[in-house]
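Chains here go by letter, A, B, C and D, matching the order in which they are written, and residues are numbered from 1 within each.
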Amino acid sequence: MEPVNVNFLKDAGIGADILIEGLPGVGQVGKLVAEHIIHELDAEKIAEIYSQYFPPQVLIDEEGVVRLVRNEIYRYDNGEKQILFLVGDCQSTSAEGHYHLTECYLDIAERLGVKVIYTLGGYGVGHLVDEPRVLSAVNTPGLRKTVEEAGAIFEREEPGGGIIGASGLLLGLGTLRGMKGVCLMAETSGYLVDPKSAGSLLSVLTKLTGLEVSPTTLQNRATEMELMITKLREAEHARQNEELTYIG
Amino acid sequence: MEPVNVNFLKDAGIGADILIEGLPGVGQVGKLVAEHIIHELDAEKIAEIYSQYFPPQVLIDEEGVVRLVRNEIYRYDNGEKQILFLVGDCQSTSAEGHYHLTECYLDIAERLGVKVIYTLGGYGVGHLVDEPRVLSAVNTPGLRKTVEEAGAIFEREEPGGGIIGASGLLLGLGTLRGMKGVCLMAETSGYLVDPKSAGSLLSVLTKLTGLEVSPTTLQNRATEMELMITKLREAEHARQNEELTYIG
Amino acid sequence: MEPVNVNFLKDAGIGADILIEGLPGVGQVGKLVAEHIIHELDAEKIAEIYSQYFPPQVLIDEEGVVRLVRNEIYRYDNGEKQILFLVGDCQSTSAEGHYHLTECYLDIAERLGVKVIYTLGGYGVGHLVDEPRVLSAVNTPGLRKTVEEAGAIFEREEPGGGIIGASGLLLGLGTLRGMKGVCLMAETSGYLVDPKSAGSLLSVLTKLTGLEVSPTTLQNRATEMELMITKLREAEHARQNEELTYIG
Amino acid sequence: MEPVNVNFLKDAGIGADILIEGLPGVGQVGKLVAEHIIHELDAEKIAEIYSQYFPPQVLIDEEGVVRLVRNEIYRYDNGEKQILFLVGDCQSTSAEGHYHLTECYLDIAERLGVKVIYTLGGYGVGHLVDEPRVLSAVNTPGLRKTVEEAGAIFEREEPGGGIIGASGLLLGLGTLRGMKGVCLMAETSGYLVDPKSAGSLLSVLTKLTGLEVSPTTLQNRATEMELMITKLREAEHARQNEELTYIG
């Protein structure tokens, strides 16, 4: 077994101009957005990636069938646009593995002709956010204006700690291969899977890519999530009042 | 020294159709079951596995003699059935090591002709369990019915975190080699070595494999364990009453 | 991608006699001093170093443009002296990586003709220091007198834990290549980025190397820092008084 | 740089029959004993070992001169006996490194003709011990009687966790090369460097090897240590009485 194994399910006619990465991360925001688009556009899976840098783990589906943790590449082609999506179960368990895996992702992207990479993620702010803003960073100065026009903002040297993992390295290592890159990070609490944050991110991404993707499912999940949060808060409130009554 | 070293104690006539894995894990349930069967059927040791992925440690036997930590492969042959058992002292100390070791286990299994793998483990539930259920996951959808008929159950997407370590990877990586795989996980507290849980697992496994193995020794150990738990609880109870007396 | 990649921006005429290392560390003292000198002398960047031993991270500049974390080599030449500076974003994430990276730094130094290495750092003492002393250690007994005359001191077997990371290994591994080495460590609290401590270190280093570098900017930053600390202390004082008033 | 580097200071006439290992460990007991013997017998240093598996660190001597952390091999030859000593600053920082380093130590031992290995260590019991016993484990059943006659004891399956690090692996991996091995572990609190425990160990080791080594220095250090402990206890006692007086 090689450290990283890529199994192509389809070999011919899979070129693409754009790669959108939505691997697991803060608030699962990038993952939610990328998987939502794949589902809405009915994108086709073209590759599976296995690696010893991933956790030594299998996942179990609804039928009780296991499969190795893996990442996947999907492709969408409406005749005009060809877009790859990098999604999956996990990121690397080690610093070195992050570098190796990202080089592997870029090898695939380069081979298939990708010119622009969008990496998606959450930006943890530590509290619930009513109207999540979308922060951005780019790997080429010229990209900034377009990204701002699509609704994302640039905060001076934010995030201060930089961007860790695949979302950052795809841009940083992509530069060395002449690929343009945009990272979009929607504000999120960092405590919960956050479909509302994902909705904000989707809105910017569709403007940037020209993709037409209905946000309805994400919005419904966000509404459900808010109902749940409201109920949790009421229950907590009731519990506290009760305790006060006992003490009083 | 290679990263993994397999020393065969016997080379000829060691083919087998089935591999049963019972390495250390939650509640030592898998280990208890596999070692119990090896002992009851008087299976023969055919290989020892040493690896730098194991802890850097020697164990000491009753006579004060040390030996490197290692895993072992036993084989049982009653003329009709040939079964391998993978048991031992340890699992890998690193994520990458888990992948390497499992590939090594599968190399052996493939070479000896194994078609089906059973991996055994405990499913930690955080409290003592009176009648431990046996959960299962499979790597081939068609196996489910047989496993259910043998008394194991499938819970929708349980365990939620998947299966970590050799028990999971043997199934996940085994799929890529065309091997069928069943993981059996008996409920256990996760705090104690649990022979009762092992008894439940043994019952399902013997139905699945047709092996005839007396559960008596395991049952005796389970009974001893319960006596011990009862005594511990009574002692704790007595201590608490005493304290209350002092305070009162 | 190799484990360590060195990209030279300039190839010819870049020999040097001295290497000054100021990578991130306690109180960022070494980094402050080395970057201060580079800025004051307008040294020229001659190489960038990328490595999978670095954190898997990109940083974001004021314009929102990302770049991979990296270390850099600058060179200063006033006709008489040629000096290299090793500065940057990070050190290794693993013990083995520290050894590999240091060997790489020494390969560059050796190739460019370096005879003496100065490594700069902070010496964390756990409390604010009014007049930071500069401790030293050398890799060649004969160097001690000169270093003492420049104002640094040698404390018997201090620091007790030795010197960890690039500052230590450059001296230790440099010995094996016949390079002389001096480590300068200015006392610092360890809690804050410490320009005052950097000022003390600069004073010793300029005496040792004969470099003429104005300390003004560092002094200004130190004064600002002290104002800030004073204000923080007053605010804390006021808050405590207020609390006492409430309680009283 | 290779992962492990052995620099021989002397090449010819350095054969030996016995290897005594005293690397850092619980209570520094093994280290104290081995270094004591080296000093008393004026053994000669024949090799230095550097490795990227060691911590990335230099140590500073009394003169302020740094050196890489390293392990060392000494040799003693009184015409009748030739004995190697493995001592030094550190053990491996990783599990895999432990295996690699031990194989390297055994390569040296094998090449120089070593037939028997003694590994020395402390056995942490969590409290101060008045008369430390010396526990033993061997890698060859036949060795037990001789070891018991020299004053060490064998406790059934003790230490329960086996022996971790070089002291264990030298015996375990040594077996595979046909070398006999004895591990001696003197009881110690585990909190302090323990010369008294080292004294007990020395007594057994000299009987086993026939070496004549005066225990006086170790005894003096043990007496000093006990005085210090007594003073610490009295001071603690006084402080508690004072507190009680305040409260009363």
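In this section, a residue touches a chain if its C-beta (ideal position, glycine included) is under 8 Å from a C-beta of that chain, and two chains touch if they have at least 3 such contacts.
Just so we're clear, the structure is a prediction, and the values are computed from it rather than from any experiment.
Participant: Going only between touching chains, how few steps reach chain C from chain A?
Facilitator: Graph distance in the chain contact network comes out at 1.
Participant: At the place where copies chain C and chain D touch, is the share of residue numbers found on both sides over half (same) or under half (different)?
Facilitator: Different; most numbers are used by only one of chain C and chain D.
Participant: What rotation angle takes the CA atoms of chain B onto those of chain D? Round to the nearest 5 degrees.
Facilitator: 90
Participant: Taking each chain's centre as its mean C-alpha position, how far apart are chain A and chain B in Å?
Facilitator: 37
Participant: Between chain B and chain C, what's the gap in Å when you average each chain's C-alpha atoms?
Facilitator: So the centroids are 53 Å from each other.
Participant: Residue numbers in chain B touching 2 or more other chains?
Facilitator: If we look for residues of chain B contacting two or more partner chains, we find none.
Participant: Applying that definition of touch, give me each pair of chains that meets it.
Facilitator: A-B, A-C, B-D, C-D
Participant: Going by the contact rule set out above, which residues of chain A touch chain B in the complex?
Facilitator: The contact residues of chain A facing chain B are 1, 52-69, 93-94.
Participant: Using the touch rule from the top, collect the residues of chain C that touch chain D in their complex.
Facilitator: Per the stated touch rule, the residues are 92, 95-96, 98-100, 102-103, 136-141, 144, 154-159, 161-165, 168-169, 171-173, 175, 181, 183.
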